[in-house]
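Shared between the two complexes below is chain A, which pairs with chain B and chain C, respectively.
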Partner chain A sequence: MDNKQIRYDILKELFNVSVGQAASMLSEVVKKTILLDVPKIEIIKSDKELCELQTHLPAVLDGTLMISSITFQEQLTGEANLIFPAEKMKTFINLCLNESEQEMQYSDMHFTDMDFDIIREIGNIILNAIVGGLSNQIGIQLQYTLPEVQVFDRIDFEEDIQNKEYPYFLMLYITFDIGDTEIEGAVIVNLTLTSLKELMLIVTKIEDELYG
Partner chain B sequence: MDNTLYDILNEIIEGIVIVNEGLKICFWNDYMENVTGLKQEDVKENYIYEVLPNLNKRYFEQSIQQIIKNGCKIFFSAGMHRSLVSNKKEFNVKISLIQKNNSKFFLLEFIDVTNQFVRINQFKEYVQELYKLNQKLKVKEQLIKKLAYYDQLTGIANRTLFYKIAEKLIDNANRNNSLIGLLFLDIDKFKQINDVYGHEAGDKILKKVACILQNYTRKSDMVARFGGDEFIVLLPHFKDSKSYKKVASRIMNAEDKSIYYHSREIKISFSVGISLYPEHGNTIDTLILKADQAMYTAKNKGGNQYCIFE
Partner chain C sequence: MKILIVDDSYFSQKTTANFIKKFLDSVDFEFAKDGKEGFEKYKQIKPDYTFVDLLMPNINGQELIKLIKTDDNDAKIIVISADVQKNIREEIEAYGVLSFINKPMNEEKARLISELIRNDVNGQ
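Here is the complex of A and B:
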């Protein structure tokens, strides 16, 4: 196994611990078993071609996307975006609200203010866990905002995220299981070079502890 | 904290509660007093869980721990956490950390979204009504379609549907150089049956004939009631004129050509005229006219037989 892969695996495990805590909290809030998993992680340099992100975004993230974003600053500066397909999130919202089958039959793809608030809360729990996990590993405290929730078309989102001045993306592929519904999505953390270096230092430290 | 700040927080049109690290209430603004009916002096120094028992959940405690650990902000949506403050109103809750002189405080903001809930519920009811109305309209649309294209008595195609489909079949036959046969059928002595046994018996006979025609033709053939006691059968995709004679013979020799009316058996017979596309005409009206003439030839020969137009 090469060094890069080992580092990715370490990062993956770190984030899985964080999202596991988020899943347990979400399960308690919605009173349903929720499983969250980060099966894969990638670090993407953003100064390449504009199409670069397209090749990394999971194929399921097509069409209309629902995105919760928080920004954080202090010793690490960046932005974290939780992305899921809007259609699947509508199903998830209906499950959270315990909507009856009949009510779900009438429900369409229009999101109400209440729906946006539910997504804000879910985004808050997951993103706090991920960014909080990151800052705890590095041993620093960050200043965060509450999530902003937006509905984007995939193409507009790719342009929006690449227009921001962060040279690196940390891409976490994430799966969300609630009852019979599985939702695939991603978390994109935009990082400055310093922030990425800080993070990789921690990973290297863990790697050294593991392999000497 | 100085009094000016408290005065400002009392002017804010949202619930503001400040608790210390031990979760005891330090500040409870006027808005909270109005919503809960609890005065600040009564709740001050009390545990937030005692004053707002619906917040006493494990995830709330975990969130507080997370705020202390990470400095993050927490958001609870009214959609997922109903009646957090009162049974009459719904609130979104934001919790942030305030650090002052090495002390930690939590700022709890309660934002009233009751009107949103009311509007959304109204909207949902409206959508439900529209959905139900739409379902009813769909059923009615089907019924109207049926009334427009199908004969009410026999349930087979009426003249309107016949013309619609016949035009298409002729176009197809023209493109594929195939043949079409048209059988024009008239029930023998139908007027007499009506006069002797009444219209109820006549209707029974019409239904029976429709049934025979459907049973003795293929699914791809078209059986229609043309009007009164006249029926038309359109037979596409045949190779030669002999095939039409076979179909006509099968219909003529059907075994169940009778009905029972008040325990009396009434025998049914009919005369059939046949025209062929393209041999006898290129339009559906011409083919009907020729088949009608052939049917009269069959009637003039005594009925209960078929004739091909010559």
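Here is the complex of A and C:
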């Protein structure tokens, strides 16, 4: 394993621990066991080309997307986005409300204020566990905003995220199996160049410590 | 003493071994990157203790525990996982594992595991 692979492995494992904590919190909300998939992570440079992000967004993230975002600053500056297909979020909202399968209106893609409130709270839980978990593990402090929830078409989202001033994305693919429902999504953490360098510096320090 | 650490993260393998080394002497560590390789190494070296991560490719941790327990019901297994859900912990503990520890590994957790192993070796 070369140094680059080791640093990638460290980063993946740091997020893995945080996703595990997020799943536990979600499991308490939906009162069901959540099965996780082996996580994957990529660092993507978002220079100019729109197709760059398209190549990396999972195919399941098509059509209408529901995106919860928080921005953070202090030792690292950036924005974390939790992305799930809106259709799956409808199912997930029903699970949160503990409604039976029969009561679920899969075809109804209208989101009420209550639905947005649930998604905002779920986004808050997951993003705080992931971003906060990472900052705890690497011993840095972050201040973050309350989450915002937006519904986008995939194309609009790709344009929106690439118009922001963060040149790097950390793309984390996550899958939650809740009962019979598989919810596949992604977390995109946009970072400034300075923050990415800072993060990789910390990861390199962790790598050095592995060898005493 | 032989300890086999099965974890798909190289970082976690090394971190766990480094922490355990601080509290236990004369340990030979072996590593495997997934459940499949883990079971092959388990059969080959018959470790005194096997540390198992749950979320792994090929054969996951739960399946690996079942395989090991089928081979030797008295096998000593310690689970080290990022999954902190109570249901998962209960399900795994039902297989008769020695302990279930949540990641991230740290000095305090390593001290507890080492103490557990020392007591187990001394038959307490």
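Observations
Here is the rule we use: the second predicted complex is superposed on the first by the 197 of 212 C-alpha atoms of A that agree within 3 Å, B and C clash if a C-alpha of one lies under 4 Å from a C-alpha of the other, contacts with A are read in each partner's own complex, and residues count from 1 in each chain.
The working rule: contacts are C-beta pairs under 8 Å (C-beta built on N, C-alpha and C of every residue); 3 or more make two chains touch, one makes a residue touch a chain.
Predicted model only: the values in this text are computed from it and were never measured.
Within the superposed three-chain model, A:132 lies in touch with chain B and out of touch with chain C [touch as defined at top]. By the touch criterion defined above, A:20 lies against chain C but remains apart from chain B after alignment on the C-alpha atoms of chain A.
Using the contact criterion defined above for the overlaid structures, shared-chain residue A:30 touches chain B, although it does not reach chain C. Contacts of A:210 after superposition: chain C is touched, whereas chain B is not reached. When both complexes are overlaid on chain A, the residue A:121 reaches chain B alone and has no touch with chain C.
Of the two partner chains, chain B is the only one touched by A:142; chain C is not.
In the superposed pair of complexes, A:113 makes contact with chain B only, with no contact to chain C. Judged by the document's definition of touching, no chain A residue lies at the interface with chain B and also at the interface with chain C. Note for the complex: chain A touches chain C at residues 1, 5-6, 9-10, 12-13, 16-21, 23-24, 27, 33-34, 36-39, 137, 206-207, 210, 212.
Residues 57-59, 62-63, 66, 69-81, 92, 94, 113, 116-117, 120, 123-124, 127-128, 131 of chain B are the ones touching chain A in the complex.
By the touch criterion stated above, chain A contacts chain B in their complex at residues 25, 28-30, 93, 96-97, 103, 105-108, 112-115, 117-118, 120-121, 124, 128, 131-132, 135-136, 141-147. Of all residues in chain C, those touching chain A in their complex are 8-12, 14-15, 18, 55-57, 81-88, 91, 102-104.
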